[in-house]
Each structure stands twice: as C-alpha cells, then as structure tokens.
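Both complexes below contain chain A, partnered by chain B and then by chain C.
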Partner chain A sequence: MSKSNFTRRGLLKTGAVAGAAGLSLPTYLRADGHSGFTNAPTGSTVTLGFNVPQTGPYAEEGLDELRAQELAVQHLNGEGDGGMMNTFSSKALQGNGILGKKVEFVTGDTQTKSDAARASAKSMIEKDGAIMINGGSSSGVAVAVQGLCQEAGVIFMAGLTHSNDTTGKDKKANGFRHFFNAYMSGAALAPVLQNAYGADRRAYHLTADYTWGWTQQASMQAATEAMGWQTVNNVLTPLASTDFSSYIAPVLNSGADVLVLNHYGGNMVNSLTNAVQFGLQDKMVNGKQFEIVVPLYSELMAAGAGANVQGVFGSMNWNWQLQDEGSKAFTQSFGEKYGRPPSNSAHTCYVQTLLYADAVERAGTFNPCGVVEALEGFEFDGLGNGPVLYRADDHQCFKDVLVMKGTENPTNQYDTLEIVEVTPRAQVEYEPDHPMFAGGDLGACNPGA
Partner chain B sequence: MLGLKKTDATLLIVVTILTVFAPFILNPFPTSSAMAQFNAGYPDLMQRFIIFGIFAIGFNLLFGLTGYLSFGHAAFLGIGSYAVVWMYKLLDYNVLPGLVLAVIVSGIFALAIGFISLRRSGIYFSILTLAFAQMMFAISYSDLIGRFLGTTVTNGETGLQVYTSDPQILLSAGETAPHFLGLVEMRSTYTLDAGAWSFDFNAGYYFCVVFMLMAFYLAIRIFRSPFGLMLRAVKSNQQRMSYTGLNTKPYTLAVFVISGMYAGLAGGLLAAMDPLAGAERMQWTASGEVVLMTILGGAGTLIGPVLGAGFIKYFENIFSKINDNVLHQWFAFMPDGLEDFVVFVIHPFIGKGWHLTLGLMFMMVVIFLPGGLVEGGQRIGRIFRRKDRNSSDAELDAAKQRNTPPAE
Partner chain C sequence: MDAILLQILNGLDKGSAYALIALGLTLIFGTLGVVNFAHGALFMIGAFCAVTLQRIFTLSYVTLDESQKDFLGNPLKVETPYVQSWFGESLGAGIIDWSVPLAILFCIPVMVLIGFVMERGLIKHFYKRPHADQILVTFGLAIVLQEIIKYFYGANPIPTPAPELFRGSFDFGVLLGFDPNAIIYPYWRLVYFAFSAVIIGGVFAFLQFTTFGMVVRAGMADRETVGMLGINIDKRFTIMFGIAAAVAGLAGVMYAPINSPNYHMGMDFLVLSFVVVVVGGMGSLPGAVLAGFLLGILESFASMNEVKNILPGIDQIIIYVVAIIILLTRPRGLMGRKGVMEE
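Right after this comes the complex of A and B.
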C-alpha cells in the first residue's frame, strides 16, 4: 500500500492547467449543426452505406445484394450501360452521380444479427459519413437498423424484409421499403391456390418461430380462410432447426391435405426437402392430392432445394424472367457484369439505391426530410414491377406481386422457378390501419444534427 | 494509492490515461488518407471496446481466478440489456435506473444458474452454463415468456425497442435518446478538427470509461484480496481444499455472481449507448466470444481481457468493412496485372473473410504466446531489459526471476 501524495497545492496546480486546456479547446470544435442534417456531404463525393449479411445463413443473398449495389453505383456515376436508369419513368438522374457529386460506397457485414447490423451501420454513419443505409436480408435486422437510422437522422432504404412489422408496427419516418410483405404474399397466393387446389382444403402450417414467421403465418391463414380453407394446425418450429422430420410426421395423421411451410432460407430448404422425402406429395388425403406451399420464394433458396421445389407454389417480389423493358435492361446489365441473373433481393437493393438517388435529385438536397418528402406518395414505373406507389402513410411500396411455381423440367441451373401469375396491385392493397399493420407510428422525419 | 500496491496503481493509471486519450490514440491516421480505414476512433467502436472490456474483466474474475470456464456468460449480457430497455419503456430515457436494475437482475439470475451449475466442475460446468444460456436465448428469441403472459417481454428476434406508445411515465418533452440524469445525452459528440485529423469525443464513451475504471479497480482489489487468493486455491486444487475442511462453494458462487453482475453491467451499458436489446446478445457465439477475448488477451491477468476484447472488436468492425474496392485503391500504384493478383490474394482475408483472419491470429497467439497478448508484451519488455542479464550478482538474480512466469 503506498501513501497518497495529493497535496492541496498540487491539486490547485493541476486544476488550473486542466481549466486552461478546457478553455482553449472550444476554438477547435466544429459546429456540427452547420449543415442542418447528419453527414451532409461537403466535398465532391457522397457516401452510401451498403449493409448486407456477408456471413451467416443469408450470406448468399447478401453477396448478391452487394453485386447489385455496386452496379447501381456504377450506373449513377455514368459508367456501364445505365441499366434501369434508362427505363425509369423519372428522368432526374443524369449519370453524373447524385446532385453532381460522385457516388462512393462503404460496405459492412450485418451477420444477420440485429446487434452486429447496428454496429456496422453505426460505423458507416459515424466513421465513414454515410448519408443513406441500404441492404439487409432479414426483418429483424431491417427493423433494428431502421430504428437506428431514425435516431441518427439518415435515410434507411430497406433491402429484403418481408415481415409486416417493417412498415407496420415498427415503421419509421426515415425508413422506406420497396420489397413486398407477408400480407401481400397471402393476398396474391390465395386466388391462385384456390384455382389450382380448390376452395375446400385443410391446411397445416409449419412456421419459423420468429417475427417474420408469425406474420407470414397469420397472413396466409387469413387469406386462405377467407376463400374457404380450414386451418388444421399451426406448429411453430425453432429457427435453429435443421431437421424437420419430427414435425412432418404428424402432418400425415392430422387429416390435412395442404402443408404450408412458413420458412425461409436454410429452414425452408430443409423442411421442404424433408416433406418431399416423406413422400407427402404422392399421398391422397380426403380424396385429394396432397400439396405443399411455400409462401415466400427466392432464387437462391430454390437453387438450394433443387428438384424438391418442382410444382410448389410461392410468391416473389420480382424475377429476372419478367419481360418488361426495365427488367430486361437490369438483367442484361447484371448478367454482363457478373455472368448470372440477379436475384429478387439484388433487384430490390438496386432499385432502392436508384430511388434514393432520384429522390435526392428531385428534392435538390441530401437533407433526409427533403428526401422523405420526395419519396412519399411518389409514383413511378419502369423499374421492373410496373407502376409502383410509395405510400406516404407507411412508406411501403405497392406494386404487382409474382406468384411462382417450381419449374417442372428445368433447362439450366438458373431455371428453377417459373412465373404463374402477376397479381395486380389492386388485389394486394390494404388500408394503412389494417389490423396486421396497426400499432405503429411513423413519427416525424429526423434530419439528425 | 487507493489501497493498491505500486505496480497495480501504475497499471490503473496507465489504463486511465489510455482510455481517456483513446479518441486520439485510435485515430492515428488523417481522415482523408487511405490508412483512415484502420482508424477505430469513432464513438460506437470505442464504446464497444470499453463495454466488452468490462464484460471480459468480469469473465476473467471467474475463469482467470477459479478456472471455471463458463460458456454461458452472454446470458447475463442479454439480461442487462433487456433490463435497461425495459426501464426506458416504463420510466424514461435516464440510464441510471436501468443500469442499477441490470446489475441486480443479472446478479439474481447468476445466483440461480450458479447455484445449480457449480455443483459440477470442469467440462460439466461449462455444458451446464451453456445449456442455461441457450435456454434463455431460445426463450427470448421466440419471446416465450411474452407469449405465455400474452404480452411482449423480449419482442423476439426483432429485439426490444422503445415505442412512442410505451408508458414512459417520467418522460419529459423532447426526450428522445438515452441520457444521464438529464445532464448529457449519451450520443452527443464533440468533433475536434486538428489539421487533417479529426477526433470524436463522445459523452457515452466517457460514461462507459467511468464504469470501466471502477470495474477495473474492483477487479484489482479482488485479485489482491484474501478472497482472490482463496479463488486461486480453488483453481490449483479444489479437492485438497475440501479435504482441509474448507467449503469452496460459497467462494465460487460469490465470484460467479460478481462475474454475472459485471456481464449485466456491460449488457446494460450496451443498451445505454444504443436503446435496443437483441436476443442474439445471448447466443452461444457471444458466450464463446468472451472466452476468446480472455484467452487471446491472457487469462488470469488484469489487463489481458481488456486487450483481447479490443482486439476482437477491432477485427469485427474494421476488417469486415474492407472490400475489394478499398484494396484496389490501396494497390493502385502497382501495374494492373500485379494489382489484381495482390487483391486476389488478400481478398479471402477481408470483408466476409474477417473470421478467417481472426482465426489465424488466434491460432498464432495460442501457439506462440500461450499467455496471450500480455505475454507478448512481457517478452518485448524483456528485450529492453536484457542489459541486466549480462551484469552480475543481485541484478542477474532479479533478471532471472523476472523471466519465470508470473504466479497469477
């Protein structure tokens, strides 16, 4: 134990020095509020933050998003063939960056964890001066990052997020979602299912036990019951499950004749494979052929499940096989650069980046409040989904939804899904205060500093 | 000073200086230079260094002193976060009630889990703690308690957030972010521009630093106390202690609870800096991370866990953000073919490959520096003190003694 050697005189001296240092500091301090909003671009460049899962269960989706985002930046800077900028109904973008500033980007890894995603987005905002965050492949992450962007005063352009909550219970003024949601999947799928399988069916749900799974299940149940189906049972499966055999076996004895798999990613690949291996699709129940439905499809999942997806219905936001001008331009541009067709998560990230840039051009400012104003109620066309509306009430895009089916006789490795029907926008629309979306509050836009 | 031996006091002062001046130390490169990629002096990462430092210090009290390897410590981290966010939801954005609650609640959970788990030692103890943590992760990830009660307790996979519809009975107008007694908001930052450099001084960071220094001081006192000695005895031979008639259970349980409270405090601070509590904080990967931090830095040493925490968080946040574009910028001076080749070689180790780089580093440390980063520091120190090995008599003896591994 050593003796304390603080003296009154010594303390006074240190105090005086510290005080002097403290007084001299503020002359260097930068007035953070001078521009009126967070990370106002000052130089000749503007930085966008692309926050995607690069590791973890959705890494494949994330990497495809990153490809699309890089392509979007190229097109914004006037490099390459311009892609969907040529077919976009708004002509504000000149190919000279955004508001004349060259677009640069930083990337981060969300790891499909809310915490890591927020850390990564924060570093983009605090360290790299990102003015907008785009990307992500899970609803939990989207909700978490959206909340962060609202607090920090930057714009969040959501990537793949399908839960109703993103623009429902958890909607935020600074957040925008182009991707469709679980309610729309249900509304689009129900009529197709009715046509294909009839109005007298008994459905058994297996649901991934987390936010997205619940909203997806609730949406599917509501939509199918509205057309006369019965719901036999809904079984929640832990998200970490890799083997679903024990969940599939009881389906056979339940008297159900349709199995709805509210699973995504690796979960879906495994549960669908298990169901097919059990021979469910060859069974006859109640005098009807047993069927399987996967409400949310993605190309990467379909590729993972291989031949098991054949003949199984599902829904998508966009598909590269669409024949409108925008989709063709994007698929060609993406294909030339990377030698593969883009997935629908890649499409939504590309479109979100363009939409943000366009909104800034039209608003004439990077100020988030100006951007929010420019995007709210914005109607556009030529980005692959037909005429689209960014609704002001909840910042959700309304557009046609694709009903897909696993290709029966694939001709190449990318030919896994085929488009069954393009469900028109009117059929999937809902009121902003619909019970499945109620409880949230958009709040006011936050420009930050 | 403060009841510490001279060496410990020096260590505490060094840590104080390092943490107070971290905004300068971590931002050594000018903002516009290519090396700015390696700057770590932005608020979020600095906060994480400190918070995970606290977490690792607490873990080390248990693992470093008693040798009990808990593989479920992240559970307490999550509990701490949930406690703080719940206080935000019920009272207001003041962080203090939440932090107090975080420490208390995690202590209670640690008492319960420790009481059961400490009936076994070695691998069985590790598995028991892991099982408890995974149970709690599953419960919060699917919000099983909330579903049972028909309300929201952890808000599942989305994570617990504050909504405008929450009660927040003490909320005053215009209060939108975590603050300390209404004096200062955690997110407020002063940016000091000095020429080409830019340094961020964040209120939340210094708030964490205060807690970290208190936690560090307490850890030193525990290390040097008779209680700490008893814990070390447990590590060296618990059976012999039992045979001499000592009941070791109260000691191990006490340190398990203390360690859990450290973790709860760290979790609480995480939510104090960023008002969200996610279930992933409780996952086994998070528990594994703190084990890595402690071993990487040097288990059983005072400063080691803090260094390990900084090391891992640095890799997670800095290396994962380097992408091919950045690489091309760095190597732009090379001829095209060579540039592409160099980028191709480095590519697997950056961006999505940061785990790989961290893994390699961890292997290096464990193989060549079994005592962790602290041992590395000691070896370097020895090089500079080699002079006295050539001397004679007492000084040579002293040098020899210095080279024997420390007792702790």
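Right after this comes the complex of A and C.
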C-alpha cells in the first residue's frame, strides 16, 4: 500500500515548499500556490492527456484506444448514451464532467518508443496542463511514462501493458493498471492447455527480447511446468525481427511438441504466420499432434494473422463478445459510434478513464494523492470482467481473465477469436510479494508540489 | 549437418529478397548515379499490389441473413465476392486463392509507371546534386509513400496467403536420408527462391544479350562517350529506373504471403539492402546478388541456438560485422569496380 501525503498538514507543507521553490522548478513540477498539486484545474474545464501510438506498428491499436477515450470523454460530459456509466456499480459520475468541470483532452503520440512516449507525456503535462495520462500499447512505454508521471505528480492510468514489471518491480504510487498481466495469462491458460493437450508435453518458447517477453515467458514456463509440461528451450528473438523462419526451423527437430510464441503485435503476426507456413500444426511429434500457443491475443493482431490463428489458444483481458451488461453497453455504444466492435485495448482505456473520473468524484479533489486513496482497494462491478478489485499493494486490478481460441469457421471480419473460458479471478490472484513481482516499491504518491 | 542444411535453406529466401532489392538499387545507382532510399518503399508497394488485387477479387455484394446477428444485434451482413457470382463458386474461389501469383501481372505495369513518375517527376532534378541531397529527398519520398499506404490500408498487417497448393512444407530430410522433420521447408519459400532466380537471370540476360542492355552497360561504364555517339542514354536510364522499380515490386508481391504486408515493411529491408550493395561492391550487379545470398545465409546461421549460446546477440549484428570485415579487407566490396564512388 502506498504511503499517502493526502492530509491537511501535508497539503499545507507541500504548498509552502512549492511556493518557496516554485521559481526554480520546471513548469510541470510547479503547483498552483493555492492547490498544492500539479496542473490543478482552475477554470471550468479539466484536461486529460491520451498518450497512444499514432504512428508506428501499433498505430491501429492506438487509434482504437483514442476512439474509446473520446467516447469516455463524451459520456463523462453527458453526451451520447452513457455507455458503461449506466452499468458501473459506483454512481458518483453524473454526466456533468468531473467535479462539475467539463472534460477536455489532448493527445500525444508514443510511437511505441519509450523516449518518444515520455516526451509526448511531458509535453501534455507541461504545455497542455494534463492532469492525468492514459493509454499506450507497450510495457516498455508504460513503465517509462509511469516513471515520468510519478516525478511530475500526475496520475498514470495505464493502457495495454501486460508485463509483470508494470505493477511489479517498476510499480509506482501514481500509476494504476486495469489490464491483466503475464502471470495471469499463464495461470488462466495452463489448465485449459492441460485439458486440451494433456499433461505430458514438451514446450519450445520463442520470446521477444524485452521486458514483456521475459515476464511472459517466465510466467508461461512456471504455469505449464506446474502441470507437468517440460520446457525444451527458450530462444530470445530480437524485437526488430520480421522473419522468424530461422528460429522456427529448428523447433521440430528439438523434440518439442508445442511451440509457445511469447510475441505480441507485428512479431506475433509474423512468427505465427511463419510457424503455420512451416506446417508445424500438421506434424506429429512424440506421437502427438504439434500445437502452437500465443499467450497474449489482441483482436487487431488476430485479424492481421488471418486464418493462421484458427484453433490457436491465447488469453485476453476482455472481449466484446462477453454478455454481461457492462460489456454489452460498451460494445453497443462504441459500435454505434464507430461501426466496429471495440478491442480489448480500447476497453481498458475507456474503463481507466471512467475509473479516474469516478475516483476524483469520490475523493472530491483532483489532487493525485486523493485519487490514489480513492482507487486503492476500490472494488467495483459493471465495467466488464465481473467484480474487480484495484489492489492497494501494487495498484493492479484483479478480475476474471478470458481464455480465447482462434475461430475455426469465421462468419465475418470481426469473428476472429472465440471465448473458450472465463477464468475466475480467484484462479489468477497472487500474493503482493510473489517472486515474479518482487523488487519494486510503490513509494509515496506525489502530488507534484 | 541437418541443422546447417536447414539454415542454408532458410538463408536462401531471405537472401533472395535482399538480392532482388539490392539488384534494383545497384541498377539505379549504376545507371543514374542516384542513391535511392525510396527503394524499400517500392518493395512495400509491390507487396500492396498483391493486397490490392486480393481486395479487388474479394469485392462483394451484401445480403442480409436474418437468421444470424452481428455484434450490434442487427441482421448479419453476408458478403459474397462478385467473382464467385460471375464465375461460379469454385472458379471464383480459385481466382481469389491465386491472387498473389496473378498480382505479378498487375504489379509490373503499376511499378514501371511509379518508377517513371518518380524518376521524371522528382529524382531527375537531383542528378547533379550531392549524394546527401539525393539521400534526403529519396528518404523523404519513402516516408510519403509509406504514409499514403497507411492512409488507405491502415497500420495493421494484412494477411495475404499463398495459394492453397503451396501451403505447408516439404520434408527435405527424408529426401536426403535424414530423420523425418529434420529439414522441412515451406513450399512457398521454395517458390520465392525459384522466382527470384528467374528474375535475377532475366535481368542479367536482358543486360547481357540485348542491344538495349548493351547500350545501358556501356552507359554505366562511360556515360559521356555513349552520349557523344548520338545515343539518348537518359531515356534508356529512365527505362532502367522503371525496370528496377518493377524488380523491387515483384520481390514485394511474392513476399506478401511470407510476412503479412504492412506499411513499414520497406524500411525493414532498406538498411540491410544498402549494406548488401556496399558489401557486394557499389555498382556491381553480380556483387549485389552474391552479397544478398551470402548475408541472408549468414544471418540465418547467426540465429542458430548453438551460435547464439557462444555469441549472444550475434543474430542482431552479424550483417554489420561481416560488412565491416569485408570493407576493411576489400574496400571496394566483394566485386566492386575501381572508380565507383571513389572520386
């Protein structure tokens, strides 16, 4: 649990310090003298910063996040059908903005590069007065921007980030993750894989060589070995790889009968396409049908891989096919506005924006430390995924996880993945001091003054 | 032994792509003296020719199926491609299935036209400018072309499968007396290698055995003398630019089933292809082809677990290490000619 500075004495002290040091601090570290926190809204509006990939390989994912964020702003301002605000268990949001202030937003382009993402977030905080940063499609970016927001004294509501490190060794008091993580993918997938393929399997891992890939591989290896599988090999592949044939060719000769592709985005599309080209799924190894597993799916990337995803297991944070009232309301609202179902990255950004606004309303202040207190330990429902807890210890959301499979006979362009199982929250929970999440410290919330 | 054979095979298709792109780059550099950083974008546009033809073949009319619902609960829109309606379900499906090979015919005129427009509209104004200016303008052009493709096709990769006949893989291991599955190789990659060999052979034959090619080769060796003989060498060089663009486009069309096309795929190949050109020797067509295959195969070897265990990360830098070694020992590259880029 983070140590909060949100006390009357703390506010007075930070305000005084900020007043004395104000001239020598950069703009984003300077609080308004009377408010004691960064970018305190003084007029009739409040500005949110949406930092998503608008160029680069994840631009399509970023575009979908932006659609959802714009929809969330509309709903917060009382426009449209209200979407998930109608199903959200908390009733603090009234459709009149946040604390009566109309919500406006600015956008930044992360380019899926840590330095570019920090620069765009910094610009939105310093120049545009953004009080909260939301979005992103990469764990490297999320960790970098989370660190910046901690220093700047604004809240970071992460978008799509799946590495254990985001709420593990790199967690920060000002940062919150609604999206699930690599450990949860492993915990949800392993029993389904055991049922489908048996307990006597030999797995070969290809792993993207960066923070997300490492934690995804470690999580899958631990989860599958716990049910009896062996790990034959783990090969790290450069993130910039486009052709994986030279990594896939030796797989069949290794004695493995399952290939686990710890890849995401363009890497996943290419490695899965290459693996299918090599005909791996047509082969019999160790007397068993060879299988491929993709631990983290996204609808957009599944569409990029086309027919190659058919029959391949993976996991997701959320999917538009869920039939709870919240998911139906969001899919309806998003679908009517944009003519397409939302992706799970769109969903998490939409939900994070609502959760932030709701926390401000419940706290009665935009002060980040007030928001942190309101979000820590917050339990809610009605935003998809069933009952959810924002755990105070690490600012990670705990909720049901979806196990997915590539649709065998798709009926339309959006029919790429089907829900195989909704894994209950209890099955993917872990202790805050779990070794895979060790080494970090939330620290104290920073109001920026 | 089987692992070595496997990586040689793997290097062949990667090397084929490098060789085809580097061949076009060298043709342009050798004839026009232009360092064309937009050449990777031409490869990408070639791949999108396959995507475009696939989309044309799958243009559909919509009927509503009341028995099924879409994600909003409305009757499902069922799309039926016109080609299936016009030519029957079986033949129509076959045409769609063969859209990538058929895109070769679509790609050639499109790429030649793009090559002409590029050369006449922009690049000819930079012939007498320093190489740095040429690099800047062609790199800028590459970004513009990328963004145009992104605007029309989006940023997501677009699956463009090979014909059903060529899906799956061939077991070379059994053929060579190894265990089954020891050396498997996808059919389409074999097709790609064979196709590249034909294109490379065709370009060499064209330059070697035709009058047009002879004049171009003479122009590459001594442009001024050829001009003084009353031959309009500029016109021929413009045509060569179109041919080089078509070669890059063809490399892209046939590559589409190997990795789903996306708008930045040209950049992924561009830098490596320039390294290939430099290693092969600036202006040397055989050098470009030789270096393309050599570096493709070396890159495959560097990704072997046995190699990576000894030299971690070598797969990311092998091409550059080899380039440094070759340039230190043979400054003109493997088959570079004296006087090219040495003034």
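By our rule, the second predicted complex is superposed on the first by the 417 of 449 C-alpha atoms of A that agree within 3 Å, B and C clash if a C-alpha of one lies under 4 Å from a C-alpha of the other, contacts with A are read in each partner's own complex, and residues count from 1 in each chain.
The rule is short, and it goes like this: a contact is a pair of C-beta atoms (placed from the backbone, for glycine too) under 8 Å apart; a residue touches a chain by one contact, two chains touch by 3 or more.
As the structure is a prediction and not an experimental result, all values here were calculated from the model.
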| item | value |
| --- | --- |
| Clash or fit (per the criteria above) of chain B with chain C on chain A | fit |
| Contacts of A:Glu126 with chain B and chain C, given as first, second, both or neither | first |
| Touched partner set for A:Pro238, first chain B, second chain C, both or neither | both |
| Chain B versus chain C as contact partner of A:Tyr210, first or second or both or neither | first |
| Which of chain B and chain C A:Ala59 touches, first, second, both or neither | both |
| Partner chain(s) touched by A:Asp109 [first = chain B, second = chain C, both, neither] | first |
| First, second, both or neither for A:Gln94, with chain B first and chain C second | neither |
| First (chain B), second (chain C), both or neither touched by A:Gly443 | first |
| Touched partner set for A:Ala307, first chain B, second chain C, both or neither | second |
| Partner chain in contact with A:Gln289 - chain B first, chain C second, else both or neither | neither |
| Nearest-approach distance, in Å, of chain C Cα atoms to those of chain B in the combined model | 5 |
| Chain B and chain C footprints on chain A, overlapping residues | 59, 63, 238 |
| Residue ranges of chain A touching chain B (in the complex, touch as defined) | 1-2, 4, 25, 28-30, 32, 54-55, 59, 63, 70, 105-109, 113-116, 118-120, 122-123, 126-127, 139-140, 143-144, 147-148, 151, 165, 170, 209-212, 236, 238-239, 439-441, 443 |
| Residues of chain C that touch chain A when the two form their complex | 2-3, 6-7, 9-11, 13-14, 68, 70-72, 76-77, 79, 150, 154-159, 161, 167-169, 179, 181-182, 184-186, 188-189, 257-260, 262, 264-265, 268, 299-300, 303-305, 308, 315-316 |
| Interfacial residue positions of chain A with respect to chain C in the complex | 56-60, 63, 233, 235, 238, 240, 242-243, 245-247, 249-250, 252-253, 266, 269-270, 273-274, 277-279, 282-283, 285, 300-301, 303-308, 320-321, 331-332, 335-336, 341, 411-412, 414 |
| Parts of chain B lying in touch with chain A, wherever the complex brings them together | 1-6, 9, 39, 42-45, 48, 138, 141-142, 156-159, 161, 163-165, 176-177, 187, 189-194, 200, 270, 274-276, 278, 280-281, 283, 316-317, 320-321, 323, 325, 351-352, 354-355 |
